[in-house]
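Paired with chain B in one complex and with chain C in the other, chain A is shared by the two complexes that follow.
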Partner chain A sequence: MTEKYFVIKPGDGNMMAAQAITDADTDVVAVYQITPSTQVSEIVADMKRAGEFTGEVRVLHGEIEAYTACYTASQCGARTAGPSCSQGLLYASELLHAMSGARLPIVILAANREVSAPVNIHAGHSDVMPFRDSGAVMLFAKNAQEVYDFTFLAFKVGEDKRIQLPVWVNYDGFEVSHTTVINKVLNEAGIKKVRDWLGIYDRPCSMLNIEHPHSTGGLVLPNYFMEVKYAILQAMQNVPKVMTEAAKFYSENFWPVHSFVEGYELEDAEYAIVTMGSRFGTVKEAVRLARANGEKVGALRIISFRPFPVEQIRTMLGNKKAVAVLDRSAVYGSAMPPLCGDIASSLANLPTVPRTRSFVDSMGGRVLTIEQVFKIIESLKHPEKWEMDTRSTWIGVEKGDTI
Partner chain B sequence: MSDHAEKFCPLGNGQAACAGCTINQTIEPVVSAAPQPKQVIAVGASGCSIVAQYIYPLTAWKINFTHVIFETTGGAMTGMEAAYKALKNKGRLPPGADDVRVLGIAGDGATADIGLGSLLGWCERGDPGLYLCYDNNGYQNTGTQSSGTSPKGSHTTTTPHGYQTSPKAQGKDLIKLVLCQPAVTYAAMTTLSTLWPHDLEYKAEAAFEAAKHGPAFLHCISPCPRGWGYPADQARIIGDIGIETGVIPLYHVIKVGDEHIWYLDFLPERYKEYWNGGEIQKDIHPIGNGSEANCGSKTCSQIPQKLPDIKRTSTVNGKT
Partner chain C sequence: MNQKADISYFDKLEPDSPPVTIVWHARGNQGAVAATEILIILFALLIEMGFEFDGTSAPIFGAAKEGEPIRIYVRLSHDKIEVFYTPTSLDVIVIVDPTISRNVTLQGAHKDTVFLINTNKKPEEIARELKLGSKRIITIDATRIAKEELKSKRSHPNTTILGAFARIFPFLPLELIKKSIETKLEEKGHKVLDANLKAFERGFAEAEEFDGRTSDIPLEEVVPAKKLAWYDILPGASIPATGNFVVNKTGSWRTERPILDLEKCISCMNCIQACNDYSPDAPTILTQYGKDGLLKVTGIGYDHCKGCAACVTVCPNQAIHMVPETEERQ
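Moving on to the complex of A and B:
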């Protein structure tokens, strides 16, 4: 880093998302408000009013409309972003699947929140998990700074000719979206540099390419359907390479950014705790304190949930004795929730497979405490005492499970 | 203008429509009526039109076309308009895209039922564009189920006539719904017929003109031989019957200032004694209002009494 490209700016996750949308020279933002991601649309609209944001902001009549507008705007070769969460994502679910099939690099900024019923506006991953197999790249940020950084990576990776897929930047509702922290944001020179790096979104089959008309999104019968879907898989397999390149550039030119996983004290650890999103801070602190007491424990945060960093996980967790996986969304009627299921299947077929125990915590904004993490660490040392191997242990539920 | 053969034809070979389907006959003249037909960018909701014109890897479209899901044609049109405006403002439009027009194409189910909110939302936002509803009075793509625009009394597979079941009890007037939004610049009801063969073209041209300034809505009754149960070569005769019986009223609405002004384009002979709404608009179409002049009132006596008796030779443009 030879030149200083940043200024310090206090802001929460939503503000950083809006700032990144503006700094990335986004062409179209289609919005419909929903707690807790409302402020993204408000701030972008205000930046448009102030002349900082030079694209178009469209306020539509529902998330399904908003994401359809994203869909067609992206079809027209516009760099497009859409903020939403929770019920909004569920309402727009048709589009969220369609946009990966249509190979549209729309960036979805999701301030993860629980879904009804009962109504809850606080953080949880239950809104994003239904879309984990929609064919989109999914990143989970732990703080506002990462929301900002990942948005650039999302545009860069999604719009790459080898990828052409929607990218989700997930961040926990309120815990990240409404928590103001000190961030680095790009200054004028930095914005110029990042825009040069991102380039313009060049869609070969853009609908505004009048001279070479294309039809897109049509009916595909059994003779071609699996080929179209297989192409999504191939693009997804290209993501690690492209993401590594992008994160390398970003880290070298601006400031360091994690891209697939973030490990903490894992090298000599015998036990590991895996999580996603903002709770990693709590887990890290608990691990630090446990280490001071001589516990051989480490922590791992999954950043790239799709594609799932299978290789890194096998390398980093393969030699552990036991792994606890903390999901922020539940599964009802099966053994493991989404994150734990992916961890367990990533570790399967190793010569020695670590024992995996699934926990569900912090749904609906409930706080995970350091004491609870201590209990988890303690339980990892005694797998013979685990009562529940066939379902997750729910943490902190009154009259519920014991860890 | 009316010489269709000289125009750029937006749909080519490779259609998979049913025999006698009128959807292509509806869409083609509409796209051709744009000032620059090649610069029309079209979005279609799920329905007959998608299946008829675009089965991968074949497409009949010669303009840029995309399909979105069933219920969000309005949102899709807003997205296209926003992208066009954004790229125009940033000076990044591809060559040849200086007069792009947004066209939304949706069936009656996608317009009146599942996508009604999308349509009205789009009208409220006031985005420039033309929304074409090809209305075959039911969900014909899934096999003639009742839709919001199926007329009262319709026999469909979900509102069957017969013992202990009743035909459809409700009707819906789409244009009245659309006009509750003040931003709408133009709305018209039209159909395919032999007696008014250019009605659709004229109205599409007027709609594209109005669509520069805001939402324009074209409601075209497109008869469906399979759903309506008539011989495949009789579609335009069905249109004639619809017009002459008043089942398909030809009218259009324009916006003058803040007001919507309605014009009735044709008053069927049998309703004349009930009409007290003043003069029938005679010169609605600046070019060639001859369609009405030639065959306006003359044909009413020639309405075929029932479908099987229809003879194709009866009346074409006033000639027998």
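Moving on to the complex of A and C:
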């Protein structure tokens, strides 16, 4: 029997994020606090006071400053985490793009929240989507447990010499960040084992490498710009292999963890519903109930939004009749929001391409109900009735042209 | 059309034929961008007069610093120009500063390319020096002429070169080019404008032409720059060195050289305060402690001086003056 590496601990997403930051022996946490991710740095600071966290916690004067601190710390070879969300991410947007170009494995813990206007503090993916093509790896957790697990995977994968990219651990604001659930966390032996596994972040071109100093942040003109960006593409293509290795180690030594996609009842399904984050539980429950009524439907959750698991999606959804994709962020003036667009382009060029229908739901913390998912399943069976094939259908808009 | 061509140049722009492609190689602050913009203003005037012409001018900068090599690509055409890519084959190559590497300035030359070079040398002499091969060459000592006419602290040879440039396109009316110069420079005041118009006329008159198409001038092919593969670049394009300012001798960017008269120098150190490039590790102003224990200026560090003439401006005793870089060192 293998050694027991965990203890049971109740906690919400923010607490699990803070716990993982501490357990991963992070060197620097720099923040400007913003709802709903405020508690992450508060808990890390408490842990520092208690002597559990040995790194630096810095609360700065704004997200630009906070992420600049993260950027610089990582350039110097420090393991760095930067919790934030919503307006904070947008405010620091140039840093968030720069850190992938500079190849810095900073872990961004984003408690996804809607962006203004109107001001809203609740869950939505509109804050992360502007960065989907910034060159960062992006994971979407469905609960506090995954926030904890993914943070280790994020450091392991991001700091790998084959990758060296920032990794985002996204979790829905309030629904995950503030909902207390019962989790497994590493015990003392587990923390030692995970720290041995993560090792020390060794940045070859660190600014603080005294023997072989490096200059960073230089100007790159047209003659080399695309080569530098091409290296990001190549690193991104290495992620599936490195992530598989990391998830395998984690699953074998600690407890099972999903890494790219999570499927539910997909094998014999004719219809599928795709989603990301905490709403997967709702969809899964609705699928379970629909199955009891004889509906041939399944569900798929995308965990790794970047890199997008194109191969798995083609295998798991390629034989379906119709696929509904539930986005938690909108597109205005085009056919498909981010997730649906990626699903549709992943399925393109197959011998028989499943029909794809785009839905937008749950923005600004609105609740997706089981009944609404039933309606989605019903609509999937009658694609001939789809009136709005060229734009997404918004779910639950009062008097809107919805299903 | 009031100009006569000595050797066959571009005597018109034909419809349905590719644009004439031109490059100006210069250093920052020589006024090459303004010169090409004057050309475009000229074409705008022609269009206003009812001609079916079009012209574009596209500058390409590096660090956008004074003295750094820059280039401006110009297209002139009878038809509407809808391409924006950097031309790979060039009909006219203007070299405002011949100290820029020939591997850069000679790129895109073909057998009928016309060279216009700012130099105090004879056309054949500079052609042999740069190993241009059998080409048509025009030379103009624009740095000297501009200095004489403009009487400025720094030489801006652009309008003088534009004068020589007008010879390559004899169908362009001189009066109209002058009008374009007026449009571009009128905000600088009458004194500057008149001096520039005079410089333009002298550029046109004093240019020397040489039809080397049948000559035996040797041609040395341009060596293309070696390129690193994407995987040879360090993550995030980091450079495995620090403080390489000392190694990179940016003095090669200079178009004009400051000359220090030590007899007039009172070692007030104003020049060090004003210098844009002074660093103790790579001093642009050389200093030494004298027997009296006071710091004395002993000379100019040409390895890193970019020739901006800031020191000339602040010198209370007029101990520093600028000379063109092409003049022999004393």
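Keep in mind that, in the parts below, the second predicted complex is superposed on the first by the 402 of 403 C-alpha atoms of A that agree within 3 Å, B and C clash if a C-alpha of one lies under 4 Å from a C-alpha of the other, contacts with A are read in each partner's own complex, and residues count from 1 in each chain.
Convention: contacts are C-beta pairs under 8 Å (C-beta built on N, C-alpha and C of every residue); 3 or more make two chains touch, one makes a residue touch a chain.
In this text the structure is predicted, and so the values were computed from the model without any measurement.
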{"item": "Chain A as common anchor, with chain B and chain C clashing or fitting", "value": "clash"}
{"item": "Chain B versus chain C as contact partner of A:Thr216, first or second or both or neither", "value": "both"}
{"item": "Contacts of A:Arg103 with chain B and chain C, given as first, second, both or neither", "value": "second"}
{"item": "First (chain B), second (chain C), both or neither touched by A:Tyr224", "value": "both"}
{"item": "Contacts of A:His61 with chain B and chain C, given as first, second, both or neither", "value": "first"}
{"item": "Greater residue coverage of chain A in the superposed arrangement, chain B or chain C", "value": "B"}
{"item": "Which of chain B and chain C A:Asp27 touches, first, second, both or neither", "value": "first"}
{"item": "Touching partner for A:Gln234 - first (chain B), second (chain C), both, neither", "value": "second"}
{"item": "Which superposed partner A:Gly199 touches (first chain B, second chain C, both, neither)", "value": "neither"}
{"item": "Contacts of A:Tyr71 with chain B and chain C, given as first, second, both or neither", "value": "first"}
{"item": "Where chain B runs into chain C (options 8-16, 98-106 or 134-142)", "value": "8-16"}
{"item": "On chain A, positions contacted by chain B and by chain C", "value": "102, 213-221, 224, 228"}
{"item": "Touch list for chain C against partner chain A, complex", "value": "62-63, 225, 227-231, 233-242, 244"}
{"item": "In the complex with chain C, residue positions of chain A that touch it", "value": "101-104, 164, 204-205, 212-221, 223-224, 227-228, 230-231, 234"}
{"item": "Residues on chain A engaged by chain B in the complex (per definition of touch)", "value": "27-28, 30, 54-56, 58-62, 64-78, 80, 94-95, 98, 102, 200, 206-211, 213-221, 224, 228"}
{"item": "Chain A partner contacts - residues on chain B that touch it in the complex", "value": "38-39, 41, 43, 50-51, 54-57, 59, 61-69, 71-72, 74-80, 82-87, 89-90, 92-97, 100, 117-118, 120-121, 124-125"}
